[in-house]
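Here is the structure we will look at.
For reference, chains read A, B, C, D and E in written order, and residue numbers begin at 1 within each chain.
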């Protein structure tokens, strides 16, 4: 195959190749650069761990570790302070579980709707609108929980206290819906159409295709979206600080006021506690507990994702 | 080989179709629910804040007199911080994702990195603030600057970008990679020209979610050292600064009702930034998104 | 659903009908002046074509002439492409499948399809075949086992995969994947089977097996098969339609079409070096 | 903008450059951080100061009193605002870092105790009653304090445990008379004072306390509780009673701490602090606080002259 | 890279070598005792096979016998499957492609491949074809235009797509996609072209065109083609290898293999109903 000027493509390529040492360099350099970027994330974690661990040790030199994990009272500001992390864990669990109950079904439902039922146009319009929900400042959500959701809930549940776990739990759930919906939608949409066609051609309804074919094929992306969403819920501070109150309370009753680990961290680190006090170190001990908490969840999620992933 | 009773199949069909319809309704309701919540939120903010929206509001610095307070410094502060955060987090995030999906062997080290990243997603934002304070402000001596704030934010949103990008890269069909390698393309050429363009929609979805969060975060920047009341514009990356959510938060915490209205007006502006930013990303995403 | 349309109607006289249509065979599919556009691009033009029960109808024609499009229209799969518009009618067992109230899932249950590119589900081989029966409510493990075995045998792949039923279908070779897709389609025992070049990825032996299968299935089912292999069409089909640029140029008894085609273009095509 | 009127010299534009003006053409950056309570006063001052010296950048941070002192000790700030006096540990840290500083009082805050508007039984309260009410293990019902009050559960609203306001209230009420009471566990705590406002507004049996500004700005929507002071008189918080000290013991002073070196080496810091002290009385009300009495202002000025000598 | 290995070496005497190998033709590919495993599953067993310059080498055999695996090994594409292990040697122009220092990209530039399933990029038709030249540094618009046109013509698809070069390749019919992939491969003018059933999705006319193309390309290139179509192998190839269960049963001159096969199994296979 000769080109107009008599050259052949083969020669042209050979010529370019011999000149192209820059390309070679890029090829060699890129993996190192990418490795560097990956290491940044490791360094970040190490940085965080370092910040947490040193101060956590100091904390445990002042507060017995046994007390920390067994007492069910969290009263760091009392004259005779008690540090029972179970209280904060209960608060965190309560809010997270409520958020998950709200966000996972709704987020996944929306994702299935967008990826399997909605027309391309609807998807292109609705998806970005949903994503706006993810960018609303958390104080806005906080006040929304306090001045809209709580009064609404109080009409349904008269016993609900002004500060409670239910309302911020629901609102945190709302906040993470777009994360779950949008990422899961992406995961499901990237399952090749030919697979979808194969199932539809057997007389499967869209529902059956979505649940039995697409969802399993996209499970790794869907689980990843859950993990990100739930992580965000666990790490969320402002909403729970505003609408959950700041009474640490060992309870699993969502109508009562609670404090989460994150809310405590905010309270103690923006508050008045002096540098070097036990309260100051407790911030890090709580942070560390939270870190372990998310670690466990992640190990679990990776296991699930590996276990159920279906390759195509 | 008559193992299937067709009449039974037909009989069951009605139920299955009904189920499909019911679930379609449920899924639609799930989607609508989110939209309705957004509408309520928007409505509340707009009715509260629109009265204070004016050209002056954009032109003025904050003030102790609500009627002449504006969002200028915070607006530009947010733009500056995002100008650092967006490129840094994109390069780091997508880079990490490519490394993990395309280059790294599946060994303990990669599992370790992977674990790290997912774990970072759950670290509360304020802890990132503490990290930024220790590392960027103090250790690297960047001071209470835009750069320090931007870097901190970039680390905060990194996990979402990494995980979303990884998923997107992973779902690029293997046969496309094969086709490219088959032409003698190098690994990087294949990634750059085939894998990334195909993965763009997913990467952007993660980015949109991540950037949106960065625009609205208060706590980490406060800890890093963003100020609450600033009456000048930043002039370089080392300037002190404030950002919109902090300004809004400050106003909302004031006792005077006027300031709470002001906060609502600030939120509207924040929405507008968010929508503009997302629209750009969505336009790019739409350009790249096709099913195959 | 069981309305049988007898062929002897005014349409019989039309050009595109096989001249010697068996008078007493019932029509499964009656396509009536079908037009189809992808956006502004017309892919099917005024198609009139009847498919008869217990027959194999072959569709031949050059690449891009609309063969796949046509058979995808028969089970309304083509609608998945959002820009598609159609006009005209397709009657399946007497009912217009384009009607609003028509249940497309029911149609697709009765009309199985094998695609041009093999498209197994990202599941195990077993689950691929069991998918259809399962969605139709068959849960019993024993019945499923039987169905899976029979279907895989039917598609001439049982021996190759019987020891790896739990493995992912994507580890199969191209031809194995295609036969798996045929098995998957057989598993729901459809009334009509649409096959889009089912043997193009197969070796001669498997092809032979599939062809034998088609002959066998014909006893109970009606089959529409797209093929590029004219010998194949000649060997296994009762009727053949020749498509060109979205039109049916000629549709008649296979013997007739291959021996004494009416249209010059048909002749040109089938007497190409491969005729 | 009364502060502005007083301080911007209307003649500046028309007059030729005077000696004084040339001297005052300042620039530079003044780092201010600390209490979120005092923050608004700093804001007023900075804004008015900017009217005269537009080239000086004086950003105000709100890391909290404790956080502010931490940064102050790290050498990152020139001025640290505080809603309580500096603690011994903090002093030590500053000493270690070799930072000398001067403390100035800039305003007073009157912690206001409020009840719901529909509460028609509380007329005034003594420190003892407040103590009994807010202490852990203390009163549960209004009737526990005074049998004539209704037999209804009291709903407590208090700022978060780690705020200066909470600390002050604990000290002034719960620990009054050398007692060591802790706050009742029934109290609803919130980091956001506006939330407390809403809580008390909506709850007939509520009682709460917070900064003066939050009371003044919502005066009509609840009832303030006059507190019996040391002299035995029931006094309501108001500009006058807080300023003259008759509203006690719930009046608390607000401070700024300035690094001496900054005042000496940075002209703009010195001028800013001077401006701050001169105008604090006029400007504190703009931020919702109460001016210092004249003698305290004078004392602050004197301390300033001392430190900048 | 230009080392020419003359055939007359001790290997010539081995079983699997064509008996009448042209003595003075140079060997492009020399496969030497190649074994390949997917996990524990051995897919290729002791393969010895030489590919000669300017010849068409056909590979036939039943589905799943390892044909695709073998040709994917020739350009080391098979390595993309992580569980693959190999032993033995493949010499391309005298160099062992499994050597650590061997540049696989260079190999793949010189050895083009057309896959069994059409796999266009999700890009425009034009960009699909221009992809190869572009990655190899050709940026000039005019040159690219020329290459695209020539390659599309070469793959017998130019007329169908010349007005829609900017459209997405996924809008093409199956056969069109496959021809596009052939065009894409031609665009970098490789030295060897590996084709995995390139015409299985094509109609006879396109098939004819591709076959003619293969004959034409043979002047300059060496071609290895996997096919299920025995007539095709007979028509276009110079040598044919018959694979069975991962082994080369027989490899010889095409005429010889189809007329007087040495092995009973070869005979059985080619004299099937399709022989």
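Criterion: a contact is a pair of C-beta atoms (placed from the backbone, for glycine too) under 8 Å apart; a residue touches a chain by one contact, two chains touch by 3 or more.
Listed by chain with UniProt protein names: A = Phosphate transport system permease protein; B = Phosphate transport system permease protein PstA; C, E = Phosphate ABC transporter ATP-binding protein.
Source: prediction; values computed, not measured.
When chain pairs are compared by their number of contacting C-beta pairs, A-B comes first. One inter-chain figure worth recording: subunit C and subunit D are separated by 83 Å, centre to centre, where each centre is the mean of the chain's CA atoms. Averaged Cα coordinates give subunit A a centre that lies 39 Å from the centre of subunit D. As a whole-number value, the distance joining the C-alpha centres of subunit A and subunit E reads 48 Å.
For subunit A, the set of residues touching two or more other chains reads 23, 191-193, 205, 208, 266, 269-270, 312.
Touching two or more other chains at once are residues 105-106, 109-110, 117, 135-136, 188 of subunit C. Multi-chain contact residues of subunit B (touching two or more other chains): 16-17, 20, 173, 186, 222-223, 252, 292.
Contact between chains, as defined at the top, is found for A-B, A-C, A-D, A-E, B-C, B-D, B-E, C-E. Contact residues on subunit A toward subunit C in their complex (touch as defined above): 119-120, 191-205, 208, 212-213, 216-217, 310-312. Interface residues of subunit C facing subunit E in the complex, by the touch rule stated above, are 38, 60-65, 68, 116-118, 160, 171-176, 179, 197, 200-208, 228, 230, 269, 272-275. Contacts from subunit E toward subunit B in the complex involve residues 75, 77, 80, 105-110, 112-113, 115, 117, 119-123, 131-132, 134-136, 168, 170, 181, 184-185, 188.
Interface residues of subunit A, counted against subunit E in their complex, comprise 1, 3-4, 8-10, 12-13, 16-17, 19-20, 23.
Of all residues in subunit B, those touching subunit A in their complex are 16-17, 19-20, 23-24, 26-31, 33-35, 37-38, 40-41, 44-45, 91-93, 95-96, 98-100, 103-104, 112-128, 130-131, 134-135, 155, 158-160, 162-164, 166-168, 170-173, 186-188, 201-202, 205-206, 208-209, 211-213, 215-219, 222-223, 245, 248-249, 252, 267, 270-271, 274-275, 278-279, 282, 286, 289, 291-292.
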